[in-house]
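Heads up, the next two complexes both have chain A, just with different partners, chain B and then chain C.
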Partner chain A sequence: MIKKYHNTQLLPYILTCPTLLFVFFFILYPIFYTFKLSFQNVNFLNPGVTQFVGFDTFKEVLFSPVTYTVLKNTLIWTGLSTFLVIFLGIAIGHFLSQDFYIIKIVRALILIPWVLPGVVIAGLWKWMYHSELGVINKILTDLYILKTGKPWLGSPNTVLFAVIMVIVWRLAPLFSLVISAAIQRIPYSIYEAGEIDGVNKWQKFFYLTLPQIKYPIYAISLLVMIWGTNNLVLILLMTGGGPLHFSETLPVYLYKEGFMYYKASKAAAIAVINFFMLLGLSILYIKILVTPQKG
Partner chain B sequence: MSKSFKKILILTEVHLVSVIILIVVLFPVAWLFLTAIKPMAEVQQLPIRWLPQNPTFEIIKNTWIDKRGYTTEWVTYFINSMIVTGVTTLTTICLATLAGYGLARFSFSGRFYIVILILVAQLIWGPVLLIPVYTIVTHLGLYNTLLGLILVYITFSLPFATWLSYGNFSNMPVELEEAALLDGCSQMSAFLRITLPLSKINVVTVGLITFLIIWSEYPFASVLLESPSKLTVSIGLANFITAFNIYWNEMAAASIIVALPLLVLLLVAQKYFIKGMLAGAIK
Partner chain C sequence: MNVSYRKIIKKSMKIGIIILLSLFMIEIGCDSFAKQVTLRVWKFGSPSFERDYMKSRNKVFEERNPDIRIEWVYQVWGTKRKKVLSAFAAGNLPDVLLIDGQSIPEFATMGIIIPLDEINPELVKSWKPRFVPEIWNLGVWKDKVYAMSTYVDMAPMMVYNTKMFVEAGIVDENGKAKPPLTWEEILRVAKKLHSPPKHFGVIIAATTGTNDVNIFEGVAYANGGRWLDEKEENIVINGPGTVDALDFWVKLSKYAEPGLVETNFRQAAQLFFQAKGSMYLCMSWAPILEAQFEIPEGFEYKLTAAPKRKKPSGRFPRASSIMTPTTAFMVTSTSKFKKQTMKYVDFWAQYEQQKGWDGSVIMGRIPAMKVSFESESFRRYYPDLADLYKLGKLFEGSLSMPAFPGITEAEDKLGLAIQEALLKIKSPQQALDDLQKAVQKIYNEARKR
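Right, the complex of A and B next:
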């Protein structure tokens, strides 16, 4: 029998101890603290006053119409960006899995949007979306797609979709690269069997390729959902959640309540809602991706 | 349809699609550079011109050195970011390698729960923790210090770094180490002399991804730092973006400073990035 592990009892605890200390002190304790704070009425401007108020803060959050706008925005932002990233990721990834010289060049350059800092991306796209001076309006009017430019980030109808395009631009290339690597790892024998059976191009993709890249697609979907739910910098810097609350998602709402209006407890209650969303996605992630590998 | 005609058709299609992808991916980056070399008058000129008429590198230069010849606040931001990112990356590499090794090589009670805890910590870390982390760092007296930010960043990067190095050590054969143990090596020296040198590439990957994520982190830096001498590049840039009057060409010039280290890293170490990402997403 091959022995996989060493038999030392103390050493592994010593090795993992520093990491666990950081996790306990700056992740687990803060989560506990957030829960505690959400049952109080703390204001950062007046931190001395701490009162236990039960579910009052939660009631304030849950009965506020802003919260519903924010939750709706979060769902659209996360759902639509995940769908587009996966769709484009599979389409482009399938394309990139071919063996041509120019595709090697594309693969080399396609990671640039992901490597660029979020702050840079936010500034750059805010500039490109500018209603008069922005290059996006110029391109669309030059191509006769639009007659006159639109205030993409200033109009309630377009703002959310405009910021979704930015996160898709950032993440779809990365995931197309992951998908193309997964497709390239599919053993050729599977396709040979298909050729004998005479499958066409679409059958080949749907019945042979797609089932083979199932797990990377699950992993990516969940990661994009989690990253999307957690993304603060793009929306905060491009629109600040505005106009009004039309592009505000949970993290932006939380940030504004906590650090612009100093309502610590209200922000904590929003964080608790956000936390449960993330926990749900994390449990799905573990169920789908970690547990099957054990069995 | 003849075979060679079909081949040409496929080649045309591949090149056409490739060019479209490249334009969509690269045009915004090119536009950033073009904006940075335009004088303000041209930036505000209508109709918009694709290429600058009087290209100038003055704006990029002035981001670093002002007109009187003094260095600007951007030099301070850059140094601060380098310190914070450098210390975080080195600490993360050390701690994550040890923890990943401990989790991958030893069977001990609680191991499975620690692995899950680290995975969940990696997924949950984000704006949810802004409020409590701000409060804790303030209580520790570390508000507006680089040390406070560094501690937070180490916690931010440790879970995924540990997860990456755990995956790496799990895939390495244990036999080599056992040979060393039989020869009288201690457990730790077997790790340091045999296993660690063999996993150089993975250590580099962990370091690069940590650097990439920490270099431009914005939300926590914006909450934990205050005085101009302590700010990092991401806050400097965010102040440009959210200003009432935005000088777009100056913003673009500053963006180039912020993006440059990462673009250089991508250029020299592309395969590590891809390897690291694949390890995270495909298992």
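Right, the complex of A and C next:
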């Protein structure tokens, strides 16, 4: 009886062991190692040196003028891309929830931006945006909207917004499919009741549809915010963070410091800042939007 | 139920151990049966026809050395240092790297590569007489031979559209297109041929990519500018040689494509070869890129040295060109097969392998071996260069491309400084003064080792 009780107690731990090991080795340990590295002065051009330097690396990062440009870019990048993905995602999702034959075809095609590899998308849009070689400028100049090709990725004023358009193009379709599925699950009786009360199309959308899909919106918005913030491939391959840091975000900054300049500790410090920034944004998001609704 | 669960666990563990042991035995068995060593070789960059040539020679090596198999992996040029660094950190370096000579100081400092003359001094000594001394020295750092070169790329060079020149009346006394020789001349010619949006006076690549920065470095070095002073202690990139070069770059950019800071060397070449620009300031690899683009019918061009300032304004002697081997053979510190890697590098140190770069197979590269310059093919494809070589003038005044620990970050920051000047955010002097301070710090840190 004692043996049976003992085995029953151990069983949950044995079953969760593989997952726990995975979480430990691939999530917790790297996080711990990154924190540890951020308090040292590891530079690959100085192999073998791993001195503890306290907050010196963080001071170097926080007192660098580049950091503030990068933080500003990251906030614009995160905020604007999340907002546009949500806005377009809801609009397209509402459209996709309709019951026309063509919607079925659109629903299949709309996932193309999501399934294409990031490297392919970056290469494609980098070519499309080019001032002389790109198809966007060709169309705009042929339609006499522009006189000459505009360097969308070469101008400090337009580069960040040009790359934001690309990530919105990539993420909005996925968001719209989730919204479309959520809308289709709304019981029709709610709309029937609304019709009896005489609601119009806009009131139906704002007072009946939106409240019913708020939780999927909250959940996927948080994911979009995190995916967008941590996106490295698009910016790195399209602009490299340039020109002159005007499109550089925290992940790109981190990558350059670690892999181009060999400054492992500085890259780790930037990763820690990124981590806390995202954690703060997520907690704020949940506190402001999700918790009051549950209350 | 618990008893049967325990039985399942025990049985699964037994099966798992048997499978693992079997795989291990097969692995050992295969190795001992084959007695074959696999050398992992990473080749960075180069167009496909050049890589195909190298792969065909690798097959010959494998036929002559059946105990060695070459595992050839192509890697993108733009990710070269990051790729090697990641592999080093993960303990996953290949045996041989085919990469640029500019990386030698950083890789040697990090312990990624080892001197070839420490593995087999006699063999390396036997190679030296075959190579052009200026090119041989590009593989040497701190008196140790780290790399064996196959060819070099040189900067600054210029390609110009001969048809556009003739049509605009920019010709010599024989009616042939006359390329500009000085900065003043190129500015005049670029202004005359600047006809946007049809075509631009000049194409400039001004991203922070290494090729784009190397082209500018070539212009600066030709004007007496340098990264380091004579004692190699101080960064002097903000001297008049480089400042005036950057000022010239800003003036020239008025006649360039509007998106020059987003245009890299490859896109710039595409613009030139599609007749969107009358001139392109580039490196000696420009003809190599031609093969990758659809050239309009009747398109004709020539490659020549880039225009220089009449009299250099920098305090250092004019460099006629700067050069680096971009397919230099290096052996990594983690290679377990040093004997076999040296056999492989020795194979490539023979003229039989390197003759393809004399123009007979691959155009647009400056070969590394003396005998290549004396070959019929080289004379046929590069008559001017063959004459210069015969007179001992081809490499006169040529220097190595800048290479020191910290060069990757330094060149990236130079690219940013160039963009600051081109976008008129800072004056050339201001941009280079700020660059000098930043890079001096980097260089001092790197020199502490």
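In this text, the second predicted complex is superposed on the first by the 272 of 295 C-alpha atoms of A that agree within 3 Å, B and C clash if a C-alpha of one lies under 4 Å from a C-alpha of the other, contacts with A are read in each partner's own complex, and residues count from 1 in each chain.
By our rule, a residue touches a chain if its C-beta (ideal position, glycine included) is under 8 Å from a C-beta of that chain, and two chains touch if they have at least 3 such contacts.
Being a predicted model, the structure only gives us computed values, none of them experimental.
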item: Chain A as common anchor, with chain B and chain C clashing or fitting; value: clash
item: Which superposed partner A:A271 touches (first chain B, second chain C, both, neither); value: first
item: First (chain B), second (chain C), both or neither touched by A:V178; value: first
item: Partner chain in contact with A:F87 - chain B first, chain C second, else both or neither; value: neither
item: First (chain B), second (chain C), both or neither touched by A:Y13; value: first
item: Touching partner for A:T148 - first (chain B), second (chain C), both, neither; value: second
item: First, second, both or neither for A:F55, with chain B first and chain C second; value: neither
item: Partner chain in contact with A:M260 - chain B first, chain C second, else both or neither; value: second
item: Greater residue coverage of chain A in the superposed arrangement, chain B or chain C; value: B
item: Which superposed partner A:Y68 touches (first chain B, second chain C, both, neither); value: neither
item: Partner chain in contact with A:E132 - chain B first, chain C second, else both or neither; value: both
item: Doubly contacted residues of chain A, that is, touched by chain B and again by chain C; value: 4, 7-8, 11, 14, 130, 132-133, 240, 259
item: Chain A partner contacts - residues on chain C that touch it in the complex; value: 2, 5-6, 9, 81-82, 85-86, 88-89, 106, 109-111, 196-197, 207-209, 257-263, 267, 270-271, 276, 405-406, 408-409, 412, 416, 419-420, 423, 425, 445-446, 448-449
item: Chain A residues touching chain C - in the complex, by the definition given at the top; value: 4, 7-8, 11, 14, 43-47, 129-133, 141, 147-151, 153-154, 156, 239-240, 242-245, 256, 259-262
item: Residue ranges of chain A in contact with chain B within the complex; value: 3-9, 11-16, 18-20, 22-23, 25-31, 33-34, 37, 92, 95, 98, 100, 102-103, 105-106, 108-113, 115-120, 122-128, 130, 132-133, 135, 138, 169, 173-175, 177-178, 181-182, 215-216, 219-220, 223, 226, 230, 232-233, 236-237, 240, 250-251, 254-255, 258-259, 264, 267-268, 271, 274-275, 278-279, 281-282, 285-286, 289-290, 293
item: Touching residues on chain B, where the partner in the complex is chain A; value: 11, 14-15, 17-18, 21-22, 24-26, 28-29, 31-32, 35, 43-44, 46-48, 95-96, 98-99, 101-103, 105-108, 111, 114, 116-121, 123-136, 151-152, 154-155, 158-159, 162, 174, 177-178, 181, 187-188, 212, 215-216, 218-219, 222-223, 234, 237-238, 240-242, 246, 248, 251-252, 255, 258-259, 262-263, 265-266, 270, 273-274, 277-278, 280-283
